[in-house]
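Mind having a look at this structure? Questions to follow.
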Amino acid sequence: MPVLRVEGVTRRFGGVTAVKEVSFQVHEAQIKAVIGPNGAGKTTLFNLVSAIDRPDEGRVLFRNPLRSGDAQIDLARTSPHQASRAGIGRTFQHSQIFEALSVLDNVKVGRHAHGRAGLLSAFLTLPRQRREEAEAEEAARQALQRAGLGDRAETEADSLPLGERHLLEIARALATEPGLLLLDEPAAGLNNEETERLAETVRRIRDDGVTVLLVEHDMGFVMEVSDEVVVLDYGEKIAEGSPLMIRSNPEVIRAYLGEDYLAEEVPR
Amino acid sequence: MALVVVLGLLLFAGLGCGGDETSTDDTTADTAAATETSAGETGDTTETSEAGGQAAAPTGEPIVFGAVVSATGPAAALGEQERAALEMLEGQLNDRGGLLGRPVDIVIEDDQSNPNEAVTATNKLIQQDGAVAIIGGTISPSTLAMKPITAREGIPQVTMSAANAITDEPPIEWMWRTPPKDALAVARALTYVSEELGVTRIAVLHDENAFGSSGLAEIEKSAADYGLEVVAKESYRTDETDLTAPLTKIRSSEPEALVVWGTNPGPAVAAKNMDQLGMDIPYVGSHGIANMTFIDLAGDAAEGVVFPAGKLLIPESITDPAQKEVVDGFIAAFEEATGQKPNTFAGHAFDSVGLLANAIERAGTTEPGDIQKALNETTGWAGPDGIFNYSETNHDGLEVDDLIMVRIENGSWVMAE
Amino acid sequence: MARFGQREGAEGAAGESRKARGSGRGGRDRPSRGPGGALGWPSGNLAFLLFSLVALTVPLYLTNSYYLSILAFFAIRLMPTIGLNLLLGQAGQISLGHAAFIGLGAYGSAVLTTRWGLDPWPAMFLAAVLSALVAVVIGVPALRLEGHYLAMATLGFGEIVLILLIQLKGLTGGTDGVVGIPPLTLGGWSLTDPRLFHVVVWSAALIMLRMALNLPRTRTGRALIALHRTEIAAASLGIDVAFHKLQVFVVSAVFASIAGSFLAHYVMFISPEGFGVTLSVLLVAGAVIGGLGSVWGAVWGAGLMVLLPEVLARYNEDYTLLAFGLLVIVVMIFLPEGLAGAPARLLGLRRTPHIVGSRTQAEPVEERGSECRS
Amino acid sequence: MSLQEFLQFVFAGITSGSVYALTALGFTLIYNATGIINFAQGEFVMLGGLAAVSLHSGGAPLALAAIGAVAAVTVVGLLFELLAIRPLLNASVLAQIIVTVGASLALRTAAMLIWGREAMALPAFTERAPLSVLGATVVAQTVWVLGVTALIVIALQVFYRRTMLGKAVRACAVNPMAARLLGIPYGRVVLLTFGASAAVAAAGGVLITPISFMSYSSGALLGLKGFAAAILGGLGSPAGAVAGGLALGLLESLSVGLLPWSGTSGYKDAIAFLILLLVLFARPQGLLGQRTAQKV
């Protein structure tokens, strides 16, 4: 049974159809990449999968493989925080870390759904508050380890270099204990060394049993880490398969080249 | 730490402030006293008020009156002249030898038209300055906020504000009033409506602020006593831009006269809108428009408007010779001191100080209980607001006859009766 | 395949520039740091203990009820400012209607005690419950709105409450206000004694301060800081954004309500005009000038609000509002951390982060882009 | 209710509504270029009115006083942008709100210190008897207000629709970065916008002072009502702002007129604000507008 089933999903903005009848599946402990030229609808698709946005048509079915008791849910009818609680973690294309907090505290935010202490506990520093705080710290440190940031816990988040910011976002998402991790352009802006470190981390996470769906432009990175690739163009799926197959798919090449050609004619 | 800083600054501000005031006051008093002494002649201190400007320089510990006025904020139009009058009166009193041979120090605090500030100010005046009596506040909310403090401390308070509740609601043991209270102004206006206009159906348009709604409440309460029926009542917000809508609604209930109870600019908007709508029923205003601003704003539309006011507005209306003398002297002195004609509010300040000074002289001490007793025994004391008769139960002092009805003709005021 | 990378350049740049707009002038876009943020204050318990000690022992060496009444108003002002500090500083939500909650507290206490004969303390409690309910009713729809709209909605809400206080004469006494509000009592002692009242009102304010100081380093506090920075990322981490915003809104309303109740029982008279927009604006101004980066900013802000008029009184108290208006602008531009952050900033100890949130925080990047494209 | 009375309520609504409409226009202008709601907008209206009163009482003919007041307030608007808005153009919405709120406090108090507290009047632009339609009357000044409002709306529509700059400002108001990429001198656009908005506000102030007088405190309520009008009409559209203003005025006066019992006018403002809230909550894009104001 797949972790994620995207079924005939369509999303329109005004007159523009950003995603059109897209279907694909992501299987357990798999790394799947979504690629496509600029404006192909990748981020829209990502927002649909993380329940930030809702499709006009179609379903996005999710079953958390790490929690066997959980039923399958339709993300098209879920709010973002509920999706997170159901086991979907995500990072963002543009770093969305909380610069005001330390690295550790950033990751602790990811433990939110695992705590119960409310405002009253917080105000009065009740025993529950202290207990949960300790638990959150423990879990956050583990998540940092998994993301390879174990030694940066006490650093201020805004002093991290870009590569580690991406890792921090991953650690933060891992802290929520997701069954499916969505990575939105994790390698954007990274240098070779950082990209390599990222690829290692992502593979390690997959090996831990977390399913990964990523959007990426860095083809080298995609080809290196992905088990499977979906290609979007103008909101439609034009190809799906192993990196090797995609690399030689004529549709894909045309989509990219055609766009390129167009881009030269009409400068943006 | 912040608290320490704040405390430090407070002390600095407070002491600095107090120091400043005292020093200026002293200087003024000293100079004035010096001038007076050089004029010679010594009088019996207990008769100083009659002795006019010829008295010995006051000596000893000053008698402190604490005053809370709204010198800034929305009600400053009222409080500004009160402050000026109080400053002038302090000098005047000391020129005449002070009270009980001691100099008088009127410490003035500004409540910024805010009742909360009035509380702080009253505490300061009593605790810091050792005031034997409190004058004020300018506005009724401030007075009502100060009232529990003076009642608790047992310090006489003479207010310059008009809300009925001030002396209608207990405790009133330590509270006296100089202006005609709202009920009195309403009574004067309604008397005019029923006797001079001879109509029975009236409509009320009032500001929704304290002044306006208190007026409405009083009108509704007493209209029947004058054989009047309130056929319509509408309120408006002080800064309303257009009143044709409520006026149209009022017109549809066919009143024979319109009573407008509010302070500027609302009544002026109403006057202009009535002109526009061609409503030609009589316009009876409140003492809130007893000022040139109303005439300036309403222009031609102000013509024929009638309103109740203290006699100070038209000094010629004063018939009582004793009152006439006091008022003429006050007007002359005020004009000399400030270059302005005194308005009603300056009159309230004059009466407040005068009544207190009179009571202290009769009491012969500054013990609160004695001042209280003396104030309650005040009879026939004449000032700009009228002839005051206080008693243990009557702390308002004035009568309907202390008010006159004024009509606006050719951009100025004339007696309406 | 290298071409792919090239094509992505365009989007990358556009994305970066969008981001640049948010972060703008060096670090302007971050929510608050905790109380330990060295924002002019030693962190944690020590500062609080010292402050409490000073605040509560004041009546031992200061018996002048003038100073005590200024300090009482300081405490009463501090309560809503703490609430606004949390709402604005931590959660990044503005309210220009908080005077309404002070009014609800004051009137709740006044009406319940004078008309229905309740004792002051239960009246204060019930008024706070009422304010909380009102805050929920208004907060649920209003907190969905973005910055400007939220500001206007709360402003409109404040106006409506003020109009109701004025117009519901049967209940509130209209513009005449309510007289004869009983003072608070404690174990048979009437709190008309300024020293006793001082201790009680400051205890209440200190409890609120302690609670607020506890907040940032907790699950809820971090959730607020997170949703302030970016609601979408916060939600993606399992934070119920709407609930947390509502929660802090309600808390700030309750703090304001309790302040209103204290005010009513202290002054023993209330009238509606004090609870208008000007007070709401002043509260926000105080919170901002004091500094939103740390809960201590509320102490600075409230202190300044009470103190400035006393100092300026020597010249003309009308200058107070002018000073506040100008100070807000100056602080916003030159001293975004407010007075609480000033010492650290002046000493160059640390570049403290800005608190007022990024321009982009509320705007889904994707949609914004598409809007301009279409 | 007779037809005459009904018409009178309509006229009352139009008179107030035209005042709101003019104020709403200023909000729209700034919002269109910057996405900022200027909470000090009402104060510029007030400044315009008071400046004209001063100039007129100083001996200037009415027309000159009007033009002078608009020019003076425009300068204030430009300075406001340069000193307070410019440094925070890239800052958060919250910072911008707070700065304009602070500015409104400062401007109002400054006006009080300059002009005092009393309301002041200006003579009507044309001295003539009120116009009468079926017995209901309206003052000629209202026609002036409506006429100038219409002129401004037309001018704005032409600017937004016909000029390159106008189009660019309108299209990418939400994204100054994109505007910069398109080669628009964004800073200058914002500066001009604040100047223009202050001018429109001042013109409004000058026009309404003969009807409703003006005092230092008039700006706050005008600002709030003007914003409500702008929201009703859908922020961003000049024509919508005017429609919103007139609708608000009519709603207010008819709520006074149509509610059967006496003494309802005190709730008039509450009704206006209630409508503002309902619109904000239910349809933040306004009754006529399209732009979304809500977060996802």
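Each chain gets a letter, A, B, C and D, in the order it is written, and its residues are counted from 1.
Operating definition for what follows: a contact is a pair of C-beta atoms (placed from the backbone, for glycine too) under 8 Å apart; a residue touches a chain by one contact, two chains touch by 3 or more.
Bear in mind the structure is a predicted one, so any value in this text is a computation, not a measurement.
Number of steps on the shortest path from subunit A to subunit C, with steps defined by chain touch: 1.
Remark: among chain pairs B-D and B-C, B-C carries the greater number of C-beta contacts. In this assembly, A is the chain whose CA centroid lies farthest from the centroid of subunit D. Subunit B and subunit C, compared by their mean Cα positions, are separated by 38 Å.
One simple way to say how far apart two chains are is to compare their mean CA positions; for subunit A and subunit D this gives 46 Å. Between subunit C and subunit D, the centres computed from C-alpha atoms are 29 Å apart.
Counting only residues that touch two or more partner chains, subunit B has 76, 208. Counting partners per residue, subunit A has 52-53 as the residues that reach two or more other chains. Among all residues of subunit D, those that touch two or more other chains are 266, 269, 296. Against subunit A, in their complex, subunit C makes its touches with residues 1, 3-5, 7-8, 10-12, 15-16, 18-19, 27, 29-33, 211-212, 214-215, 217-223, 225-226, 229-230, 232-241, 247-248, 251, 353, 364-367, 370, 374. Taken in their complex, subunit B has these residues touching subunit D: 74, 76-77, 208, 232-237, 239-242, 244-246, 248-249, 251-253, 264-265, 268-269, 275-278, 293, 296-297, 299.
Those residues of subunit B that touch subunit C in the complex are listed here as 1-7, 9-11, 13-14, 16-17, 20, 71-73, 76, 110, 112, 114-117, 119-120, 123-124, 126-128, 140-141, 144-145, 147-148, 152, 163, 165, 169, 208-214, 217. For subunit C in complex with subunit D, the touching residues are 14, 17-18, 20-21, 24-25, 28-29, 88, 92, 94, 96, 141-142, 144-149, 151-153, 155-157, 159-160, 163-164, 166-167, 231-232, 277-278, 281-282, 284-285, 288, 316, 318-319, 321-322, 324-329, 332-333, 336, 354, 356-359, 361-364, 367-369, 371-372.
Taken together, the subunit C residues at the contact with subunit B in this complex read 41, 47, 50-51, 54-55, 58, 62, 64-71, 73-74, 166-167, 169, 174-177, 179-180, 192, 194, 263, 266-271, 273-274, 296, 299-300, 303, 306-307, 309-311, 313-314, 316-318, 320.
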